[in-house]
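Just so it is clear, A, B, C and D label the chains in written order, and each chain counts residues from 1 on its own.
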Amino acid sequence: MIVIMKHNASAKNIADVISRIENDGYRAHLSEGEERTIIGVVGESPTPLRAENYSTMDGVDKVVRVSVPYKLASRVFHPNDTLVPLNGCQMGGDRILVIAGPCSVESREMIIETACAVKEAGATALRGGAFKPRTSPYSFQGHGEKALQWMAEAREVTGLPIVTEIMDPALVPMVTEYADVLQVGARNMQNFTLLNAVGESQHPVLLKRGMSSTVKDLLMAAEYILSHGNTRVMLCERGIRTFETATRNTADINAVPVLKQETHLPVVFDPSHATGKWEYVEAISKAAVAAGADGLIIEVHPKPEDAMSDGRQSLTFKRFEQLMQNVRRVAEAVNRSA
Amino acid sequence: MIVIMKHNASAKNIADVISRIENDGYRAHLSEGEERTIIGVVGESPTPLRAENYSTMDGVDKVVRVSVPYKLASRVFHPNDTLVPLNGCQMGGDRILVIAGPCSVESREMIIETACAVKEAGATALRGGAFKPRTSPYSFQGHGEKALQWMAEAREVTGLPIVTEIMDPALVPMVTEYADVLQVGARNMQNFTLLNAVGESQHPVLLKRGMSSTVKDLLMAAEYILSHGNTRVMLCERGIRTFETATRNTADINAVPVLKQETHLPVVFDPSHATGKWEYVEAISKAAVAAGADGLIIEVHPKPEDAMSDGRQSLTFKRFEQLMQNVRRVAEAVNRSA
Amino acid sequence: MIVIMKHNASAKNIADVISRIENDGYRAHLSEGEERTIIGVVGESPTPLRAENYSTMDGVDKVVRVSVPYKLASRVFHPNDTLVPLNGCQMGGDRILVIAGPCSVESREMIIETACAVKEAGATALRGGAFKPRTSPYSFQGHGEKALQWMAEAREVTGLPIVTEIMDPALVPMVTEYADVLQVGARNMQNFTLLNAVGESQHPVLLKRGMSSTVKDLLMAAEYILSHGNTRVMLCERGIRTFETATRNTADINAVPVLKQETHLPVVFDPSHATGKWEYVEAISKAAVAAGADGLIIEVHPKPEDAMSDGRQSLTFKRFEQLMQNVRRVAEAVNRSA
Amino acid sequence: MIVIMKHNASAKNIADVISRIENDGYRAHLSEGEERTIIGVVGESPTPLRAENYSTMDGVDKVVRVSVPYKLASRVFHPNDTLVPLNGCQMGGDRILVIAGPCSVESREMIIETACAVKEAGATALRGGAFKPRTSPYSFQGHGEKALQWMAEAREVTGLPIVTEIMDPALVPMVTEYADVLQVGARNMQNFTLLNAVGESQHPVLLKRGMSSTVKDLLMAAEYILSHGNTRVMLCERGIRTFETATRNTADINAVPVLKQETHLPVVFDPSHATGKWEYVEAISKAAVAAGADGLIIEVHPKPEDAMSDGRQSLTFKRFEQLMQNVRRVAEAVNRSA
């Protein structure tokens, strides 16, 4: 940590900062410039170093944190890629894995039909919502456990593992009975009670970035899960909220290389939510793979114009099949397969 | 709902839209312009009208929703102000009510000391965190139930009702035993499981706006609570996330008159989180009251430079006292008291 | 400037940074922590210190700039408030000065009529657009020099000085013949050619914040003008662009106390653009004054529903008169007059 | 245009709107729903239809514009791709064209050396700044006309056409003497005086998106240039401003397919500014091509750590050469060449 004093900080202000550093069990390292004094904090101590408290002291201009706050998620302390097993493959490995399926599981038939179609096209796992986080209390909220049972049937038919969102920490035991991967949605990325619960579960987790969360916030949320010893965490970029209204969200493509550099965890991209319109999904899928994403999660529906949710951004089977073919070519161009 | 067809939509495209409208149980109202056709959807039907599905149809350019999606929160259907009782006063009434206290309840002594100080200065209720949503799993997470007990003691001493954040739906019964108002934090504004739980509880709720939520999203979140018959909901603006880094958040002062126009629920402003720096808290408190806020929620700490959280934005007792005096003058200038 | 080395920086990396610092004519001040090394750069040298170049060197994690980059605008080096004379009063003094008038000068009659009305209500200066920056090339672009002549007539009638936008550096000589204050609009805040031209002119300038500019960017833009020796600069907050769509822009009320702390220049608030809807203008005007703004600039039109631009956010004469009365009361509550 | 009346609009409110529509020379088309009345405006008239004015009328809730406001830029009225000739190739054609070179032209030698290197690696045109828009008045502002002369020499040596930024409308005649393409920078995207001047020049233009401009704003800015009969306009996405601080800007990759759908103009992507860090430039270049961009503009410098500007995001010759090879493979995977 570095404490930057104000231009006009007094000798007493500086002495107070130094004395606090020493009381906290660290050493102060003074650097006196022409314009101002800078104090480095070095050493180790059991007392946590609260930057905020130092920044409140008289004569302090600002405090700069130096260390990475996400020790477990950081590549600095864990240089090798973490691979998360999925259906005999590995998310984070050479092959781009695609998770596909409807926004909501609407019926037994539709989920089985969709599972067969996305498997045929090359998907590795099946997505489908049983509990839906809807902006309006009057919108369809999902079929709950029944939907999970239907998904389990679809798994039996196709062999595709199930990825589904969980919203209620109390339902972790029930949902893990059915699901292969627990999805934490964007709206719950900082629902710490839920993060702790899925961390405890030791189940694989797909953690979606909050719509106004920074990459650093996402890594801190992953840290919650990792701190329970659950290392099977996949990070998912799904678009952030900006002033642009031409698309539902702004796909933060930069997040892909930033995450691949900062963390060892695999990076999945969700072009469906990141654009909100099916006609842009293929272009952004290819972009994500070209930028280095390890996987994709894509909404597919037998009949998007009748979907109970997210119809606007869902692909038909045919369009998904074409997407898979075209994504495969881009994957090969970056020395991956799909 | 209005369906705007594309410039080059075919007669068949238009017929398909009309036929869908009629199948859904509504009436289509055609308006043929030189450039394009516009179709109004009128009537009532038990089938929900999903704009998204229409926008997926061939030849459709866009779909505009016309009705307000938050019937219970909207002032259209409930023109009179809702008043939420708080300590013998009413949030939403003539008097500006101030909720004050520390970010976290750090000890029995500090919360009692703070409660006495803020009461003395004119606060109506006491805030204090027992369960803290922290970005890092390594940061102080709050003293839990013990903190609630200490707050209850502080209430006994001062008479100030308790406002505290709840993060876990499973803890609603326990927290409501102590708390007078349940706070739903910004990070949980769209944690629908929690919204349903606090709705069911019938306890007064302070609902904070998510940091990337629109005013409309906030009203939809309130609608979740209201739909359980719990009408004692206070909305709280606490700053949104923007590109500006000079402050922790951007205080959305516009949200005050917008909310007062759109909804009958009382509007509370949190200048501490909205700025993130104590030196701006008084200015923004006065601004919020001048703009029409019904209440304020402010972080106060006996010694901000030692705070376990949010020290940077906490006021000392002395500064809070001065703030109260100055806010009072502004309140009077807009025909309110404080 | 502080150079923070990476965790795994080599001794050679560190030596290279030190040697560059010394080559640039500064002294390096080493601080070796357990985790990483931090290098302070002290001293003075004619060679500019380019943080970016250091951050490109091997082994460097990041570079933190310490000094304020806006020496002339900063309050650090110029603690006393700058007062800009306006119509016998001073922007930045005790009295809140209000600049009012139409978005565009539409005719000789309307500008004279409006000037009389706003003067009567207590305005100090008259605003009006002769050259209009319109998003569409097909929208009304202003009446040009003719409009300036009409404004000059209005000044003769009322005594109100003229504030008008300038877009073309080549027109500075012509516009300064008529205008008392040159307004640089939000879209041109980083039009450096124009900033240099108005700086050279030595005419008072009202500099509006760009819609995605930080407070720091605004101060750097002011620095361009100040660096020509033109110190009569008024800064204007007019709302920034965010994800919120309930209002045209998001009024950044925080910017008021931030600017008052960072700079000695007077701060004007534009509630008309900051909200985009006339019904919110009075609330936000009062908020701005309560937060510490020195002045307001408000759009007023004899008949907003017939305005050639910005009708949606323009006040009628009657509403402006009422606003003035109510703002006056808030001004008094913060020990100012209006 | 569609006028949506408020829930409680009176018969007189509705009649007033209709009468205004008819006075403006259009026909009103009424659609009376259970909840509210909607009025479509059809027909043609010389009177411009100002949505804003209607939205100011009593009883009006909102006004929805239906027609595309950018007739010349829109693909609706001009379905075929516009191809802009560049060095014997065509921007917008099958081949991905790459414009490369330094941020600033620092010396005669460096620009010639860089031109040779980027040509060798496969670039089609040379970029280089002679007039630099710098946030600070104290930063290097470019070598001006001298830099243009050096670029002309580099063109003579390599045959690469010159792309350079213009900031001052008065300099159009001089700059067009040297430059093959005039670049309008992000900060000047709504400098309408400049847009008119480059439109008049009939010179090819590279128009960069403003950092807080929507895709629609960008198309309206292009419309200014097109309306002068200058159709050789290339649009450039260079990142937008958001809350994310891990990168300099947020690359809006969605803008690529959105623009390709909305307009016939070619789309160029600038991964250097869109990320701000050289280590992410290759990943984002590949993403842009995979998403459908027609060209790239990339900063390359012989020695980035000594660059007078943008060193942090500039590639070395070697890294640029490698990027070209890898981009070529992605181009082929999407049926293009590079």
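We adopt the following convention: contacts are C-beta pairs under 8 Å (C-beta built on N, C-alpha and C of every residue); 3 or more make two chains touch, one makes a residue touch a chain.
Nothing here was measured: the structure is a model prediction, and the numbers come from that model.
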item	value
Contact distance in steps, from subunit B to subunit C	1
Any chain that touches subunit B and subunit A	C, D
Interchain centroid distance [CA atoms averaged], subunit A/subunit C, Å	38
Interchain centroid distance [CA atoms averaged], subunit A/subunit D, Å	31
Whole-Å gap between the CA centroids of subunit C and subunit D	26
For subunit B, residues contacting two or more additional chains	212, 240-243, 245
For the subunit D and subunit C complex, residues of the former touching the latter	48, 50, 52-57, 69-70, 133-140, 167-170, 187-188, 190-194, 210-212, 217, 220, 223-224, 227, 240-241, 278, 304-312
Of subunit D, residues touching subunit B in the complex	2, 4, 7-8, 29, 31-36, 38, 40-44, 64, 66-67, 76, 241-243, 245
Subunit A - residues contacting subunit D, complex	212, 214-216, 240, 242-247, 250-258, 261, 274-275, 279-280, 283-284, 286-292, 326, 329-330, 332-334
